[in-house]
Structure formats: structure tokens, C-alpha cells
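Shared between the two complexes below is chain A, which pairs with chain B and chain C, respectively.
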Partner chain A sequence: MKFDLSILAKHIPFLLEGAWLTLQACTLAVLGSLVLGLAIGAMRTSASPLLNRLAAVYIDIFRNIPFIVQLFFFYFGLPEIGIYIDAFTTGVVALSIAGGAFTSDVIRSGILAIDPGVIEAAQVSGLRKITIFRKIILPIALRASVRPLGSVFINLILTSSILSTITLNELTGSAKIVASNTFRPFEVYFVLLVAYAALTYSVSILIGMLHRYLNRHQEEGAV
Partner chain B sequence: MISITGLRKSFGAATVLNGIDLEIRQGEVVSVLGSSGSGKSTLIRCINGLEKIDAGKITVDGFDVSKPRELSEARKRSGTVFQLFNLYPHMTAVQNVALAPIEVLKLPRMQAEAEARELLHSVGLTERADAYPSQLSGGQRQRVGICRALAMKPSYLLLDEVTSALDPEMTSEVLSILAALAKTGTTMVFVTHEIEFARSISSRIAFLDKGQLIADLPTEEFFSATGMALPRVAQFLSKMRKD
Partner chain C sequence: MRYGDFTPFDIVLLLQGLGVSLALFVSTTLIGLFIGTVWAVIRFYRVPVLMQLVTFVAELLKNSPVLVQLFLVFFGLPAFLKINVTPTEAAVITLSGNSAAFIYVIAVSAIESVGRDQIEAARVFGLTRWQILRRVIAPQATAFAIGPLTGLLVNQLQVTSLISVIGVMDLTKVGNILNLRTLKPFLVWTAVGLLYYLTAKLVTYAGARFEKRLRAHTAWKGL
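== the complex of A and B ==
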């Protein structure tokens, strides 16, 4: 059997639909995990022992359970107790929750790395706690976290392929269907491989640009 | 007035401030001298509420810094300049200076930034107003630090070794700004190792030794026989002059 991509031509629209679904799910999950990560990361560095503990437990749980198990629990487990959520929403929520455990850890280190003197300067100038968090802590921590957040997001994109196991025909799901319809798994999965590589590679380029942009003032050699 | 009575502060078993009484009235420049580890920085950090005090009382214009509700009022009345500048690294000089006026005094951004530019202009940083801290020299950074404290129009300026991270040239550019401030009647609590400069701008000298205030004298008295009569002061001054 020879390698022939042309036989996939008529399946391209179907694959693109899958790719579009992957893109949507990942974009939402990146945002979701960022928001969750900020909240949990802030809790993890807060002075309140209760919030701190809760955040630590969250991070521990979701980082130490295989994603597919979390996903099955949400999708196949919850209906047993009367909670029904569609596959797409379940997928996005599960990815956000699992991603949030990792982003919160990145954001926590970003916060801990801030020079305490800078925060003290903000305190003595009379800024309220919430203002210090919004105007000082968050922007500094996020700037330092762009690259490590990028790796978390790329992992999230790769993990999104697991959503195909809950009937969601995103990129991997549609590829599986095409492969079994055409009996050409080699070509199909070759295309899939290239597609994921292209996707994650573009994300990493974007992340690099964002990092350079946000940290532009630190790179122009300090005097 | 900043009023400190019976101030005690320990870190674990180590007593760092052991019963301090000190008053700083409007218009005074009080230099705090003392050897390394005598508790000067801790004293400043107690006044601006960065350290919890163990006993005694500190008030700034009557507001008790140990009471969370009054602390914010006390903080509005004093500005702090730090040894290592502690500028906000992600903000330009103007943004550093204008932040507290916008957020605390609720000034409109335009007005706060205009005032910030004026302050920066007054310390010779007209051209560098839109630079980030990483693009400034140490002396320039500290001038921004001074503007940031002044922007809140504080009644009191607390300065903790604000030139000790600077080389001699930068030190003199910062000191000349402080001298000008002292002339215009800005009240200052000035922790320093620059003895001669302290002598030239201060109305009073407070001398800390192992957490106790062993001298609180008008400047010329401190540097005269009265001060020299205190063995610790004499020892300190002779050591500082040798260095």
C-alpha cells in the first residue's frame, strides 16, 4: 500500500469541522483554566489558612488523577446522580478544572517570586489589598508566568484529544471516524499528527511573542 | 506629629526595639543614627505599619498605627522611601508616581499624571518620565521613589538609608534633593549612615543603640561635648569618621 494523501481530500471538510471544535474547546478551556488558576493561585498565597488549605487540596486532587478518569467521572458518573451535561460542556469544564490545577501552581510561583519590598511599597502608600492584588501582584506575576503558562496550555491542547472518548468529535474524534471509514489509518493519523504539531507550534510562537511584548521593558538592558 | 511611646518590638526571642519614646513634630528633620543592627529600619517599619508592634503606641497625627482602621489614615499622612527603591517594575516612572494618588486620593488619572510629571520634572527626570525602572540608573530610580512618596503630599517623609545602594555620584544627586526638601519644611525621619549630611540637614539627632534610644538631642548638641559624653555615641562617631 502506498502513501497517498489525496484519498483524504473528500474528508477534509469533516476533519476541519473537528479541528474547529478542538479550537473552540481549547480556547474556552484555556480561558477557564486561567480564571480558575488565578483564583486558586491567589487563594494558595493568601494569608487565610482555610483558603490556602482548600486551594492546596484542589491542586493535589486534580493533578494526581488521570485526566481520563476525571472526564469519565463527569460524563458517565454524574448522570447517575441526576446531573446531565452535554459532551462539549463537560469536556470544556473538565479541561478547565484540570488545567486550573496546573495554572494555579504557575501563578502561585509567579506571586511568590515578587520582591516583597515592592508589595510593601504599595502597602505603605495606602493602597487597599484588592488594589494591590489587581494593580501590582497580578500584573507582575502574570508577566513572569507567560512561558510556563504556555506549556500548561500546550499540554491542555494535547489533552483535549481525550475528549474524543466521550463522543465528542473534535479533531481526534473525527480522525478516528475517517480512519475507520477509509481503512487508511496511516494517512489519517499522519495528518492528525501534523495538525496537532502545527497547532501547538503556533501556540508556542504566540506565547513567545506575548512574553517578549509584556516583558519588553525588562529586556532593554538595565542601566 | 508622630508620637512613639514605650515602643517594643521583638523577633522571636530577640528584642530589637526595647522601649522607645520619640516625638517628631511638623517641620522637623530628625536623623536616626546608630550602628548596624541597632533597630533603625525596624523603627521605620513600625511607624509605617509594616511590622506589628509588641507593646507601646505609635500615632501619626493622632491615628494609631496598630488599629487597622486608623492605619490607612496614618499611611496617608506619611510617605516612605526605601533603600532598594522598591519601584513597581511593570510601570513607568509616571505610573509609579501617580498610582497612589489615583487609587487612594481618587484623583482623575490626567491630573495625577500631570502632577507626577511635575514632580519628576522637579527632580530632573523630565526626560525619563516614561521610562521603566529597569531603564533607569540607581540614582534616577531613587528620585522616582522620592517622587512616589511625595505624590501623596505626606506630612511626614520616612527615609531608610535611601542612598546606601548608590555610588557616590548618585548619592550626591539624591542628597541634594533631600536637602532642598528639608529647606522647604518637609518633615523627615531620616535613617542614614551619611553622618555629615545628617548633621547638615537635621534639626535633631536620635541615636539608637541595641534597641534603645540613648540620645535625642538637637543636632549641634549631639555633635558637641554633650553627645561625646555618651561613650556609645563617641565610639560610633569616631568609627564612622574613620570609614
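== the complex of A and C ==
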């Protein structure tokens, strides 16, 4: 069979609609996992053994169970207990929860990498705990973990393709429809593969730029 | 008897699914290890053309969703090349390729972790290129790679759950069937999740044991 991409031309608007949905889901999920990751990361590094243990269990569970199983758990399970939310919300919630586990690990190592002297200095200055966390720990930790956070978020974008299994027609879901309408699955999925690769590649370039911008005051040659 | 109830046979079904998942996980890991290492060696010797090709393919595989790769192989290839691909074959091809791409990255950094001076020293002693690779680089690189490799394998184990989407009877697919029959999503997906969790823990444990053994020669033995 000939490799013919022109057949896809009239399906591009439909695919773009799917891409728009992917973008929405990913943006919400990135925000959700950042909030969750900050909370869990703070718990994981807190002095209280209870909070610490709770956070460790959370991370352990959601990192060691496949995302698709978690997704089915929420998608089929929530209506069982009387919570009826649509596939989009379920997908975003599941992505945020799973992403939160990975994000919190990154934030935790960012926090642990802070020089203890800085925190001691803040404590000696009489700052309140919450102020130390918000004004000193968080900015340093977040700035240092832009790159690892970026790779977590890129993974999140790739994982969002799994949302197509719960009837959500995001990019992968709509490509599936186009493939079965045109009977040209090879072309469709090949273009999709390249599109995802281009998307994540450009996101990683943006993250590199953000990293350099945020760390511009650091000394030359610092990692 | 109602067909909506759990039967003792369901446990056999779950274990069968686990067996399929594990078999695919182990076989694709072995194939991926082989291919990924070959790619890394190609890079080590800086074979022209091939090296650029390997880098490009690995980047493409790492930066696109496994689900799309799976669709490309399972729906795309048969339509394009007019061949038959069974779900299991498609799963083996995709997962092996995907593992290979990530193992390639680990293998490259493991090879680079061996100091340049050691290779120069080996060359001065008159060792051939193959001897240097086999006797000097491989043992140290393996010890270095086991840590990241364990992390990767835990991830790849979870990636195998995606093959249920193209109809391989793995653990997730069994979970899906049980869920549709019994309509008890919480129980079913908790059981499936637990099985994945335990397997992931087993992989982590085995990796830690293996790493300890490989690093035994550097461990502090006391005076």
C-alpha cells in the first residue's frame, strides 16, 4: 500500500478538536498534580511521623499500580458509591492523583537538597513555620526541580492518551475514530506518533528555557 | 446460580492473567535489554549513520505514548504491509521496542560512568576493543545500571497493562471481564491493583538484592 498522508487533510479539524481536549485535560491535570504534589511533598518532609507515613503510603500505592487500573477503579467505581461525574472529570482527577505521586517525589528531593543552614538561619530569624515554607523552602525547591518536574509533566501528557479507554475522545480517541473511518490506520497512527513526539519535544525545550530563566542568578557553571 | 457472583474459578482466571502479564513482561524485558545494549554499543563505537538512526528512533519511542505505538503496530502494520499480526505479537513488538529505547539511555550513561582513564589504561595493556568492552566496561556498567534499571522495570511492568486495550488476556483484561460480569468494580480493581502492586514490590526487591551482590566487591568489609 502507498504511504499517502493527503487522505488525512479533511480530518485535521476533527483531530485538532481532540488535541484541544488533550490540552485542556493536561493543563488541568498538571495544575492538579502540582497542588497535590506540593501537599504530599510537604507531608513527606514534615517532622510528624504520621503525616510522613501517610504520604509515603500514598506515593507507594499510586506509583506501583498501573494508571489504567487506577483509571478503571475510578471510572467504574465512583458511580457505584453514587458519585456521577463525566469521563473528562474522572480522567483529570485520576491523572492528577497519579501525577501527584510522581510530582511529590520530585518536590521532596528538591526540599531535601536545600542547605540546612538556610533553614536554620530562617528559624533563628524568628520566622514562622508557614512563612519559612512559603517564602524560603518552596522557591528554592521549585526552582531546583524545574527540569525533573518537566519530565514528570511530559510523562503526564503521554499518559493522557490512556484516557481514550474511558470513552474520552481526546487526541488518541479521535485518531482512533479517524483511523476506522478512513481505513488508513498506519498513516493516522504514524502522524499521531510524530505529533506527540513533537509536542513533548517542544515542551521539553520550553522547560529548559524556563529552567535557565529561573536559575539565571545562579553562579556560572552551577548545575 | 446467578452468573453475577464471584466463583472460586475467578481466582484461577486472575492468576492466569497475572501469568500472561508476567510472561510478556519478562520476555519483552529480555528482548529490550538485548536491543538496548546493542544500540548503546553502536553509540559507544560511534558507528556513523547507524548511531544517528538509533538516537532518532529511541527519541521517537521515548517521546510518544505506548498506546499509540501499540495501535500503530496492531492496526497500522497489518493494513500497511498486508500481514497478520496477533495481539500478542503486537504486544511483544511494541513493549520490546519501548523497553529498548529506555534501556538504551540507561546503558549509555552506564558506559559513560566508566572512567575514560580506565579504557586508556586497558588500551595501553594491549587489550582488544572487544576485551575492553567485555572485561573492563561491562562489569562496572552493569553494577551502575541496576539501580535505574529497577526503576524502569517497575514502570515497564505497569506499561504492560496497556496491552489489554488490544485484546491480550492479561491481568487488566481479566479485571475488565470480571468487572463487567460481577459489576463490583471496587473489589475487582482492588484485587487487580494489589496483584500489580505485589509484583512491582517483588521486582524492586529482586533489583535491590542483585545490586547488592554486584556491588559486593566495593562494600566495606572491615579491616
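As a working rule, the second predicted complex is superposed on the first by the 218 of 223 C-alpha atoms of A that agree within 3 Å, B and C clash if a C-alpha of one lies under 4 Å from a C-alpha of the other, contacts with A are read in each partner's own complex, and residues count from 1 in each chain.
Heads up, the rule we're going with is that contacts are C-beta pairs under 8 Å (C-beta built on N, C-alpha and C of every residue); 3 or more make two chains touch, one makes a residue touch a chain.
Since this is a predicted model, take the numbers as computed values, not measurements.
With everything superposed onto chain A, say whether chain B and chain C fit together or clash.
With chain A as the common anchor, chain B and chain C both fit in the superposed model.
Which partner does A:Phe190 reach: the first (chain B), the second (chain C), both, or neither?
In the superposition, A:Phe190 contacts chain C only.
Between the C-alpha centres of chain B and chain C, what angle is found at the C-alpha centre of chain A, to the nearest 10 degrees?
For this superposition the angle at chain A equals 110 degrees.
Once the shared chain is lined up, is A:Asp4 touching chain B (first), chain C (second), both, or neither of them?
neither
State whether A:Asp86 touches chain B only (first), chain C only (second), both chains, or neither.
Touch status of A:Asp86: no partner.
Once the structures are superposed on A, label A:Thr159 by its partner contacts, choosing first (chain B), second (chain C), both or neither.
The answer is second: A:Thr159 touches chain C but not chain B.
For A:Phe67 in the superposed arrangement: first (chain B), second (chain C), both or neither?
second
Looking at A:Ala122, would you say it contacts chain B, chain C, both, or neither? Reply first, second, both or neither.
In the superposition, A:Ala122 touches chain B alone.
Per the overlay, which chain contacts more chain A residues, chain B or chain C?
The partner with more contacted residues on chain A is C.
Please give the least Cα distance, whole angstrom, that chain B and chain C reach in the superposed model.
25
Please output the residues of chain A touching chain C within their complex, sorted ascending.
By the definition above, chain A touches chain C via 1, 3, 61, 63-70, 72-73, 76-77, 80-81, 154, 158-162, 164-165, 172, 175-176, 179, 183-190, 192-194, 196-197, 200-201.
Residue numbers of chain B touching chain A in their complex, please.
So the residues of chain B touching chain A come out as 48-50, 72, 75-76, 78-80, 82, 84, 86-90, 99-100, 103-104, 132, 134-137, 140, 148-149, 152.
Along chain A, where are the residues that touch chain B in the complex?
Touch residues, chain A against chain B: 115, 117-118, 120-128, 131, 135-136, 139-140, 143, 217-218, 220, 222-223.
What residues on chain C touch chain A, complex-wise?
Contact set of chain C toward chain A: 59-60, 63-69, 71-72, 75-77, 79-82, 154, 157-162, 164-165, 172, 175-176, 179, 184-186, 189-190, 192-193, 196-197, 200-201.
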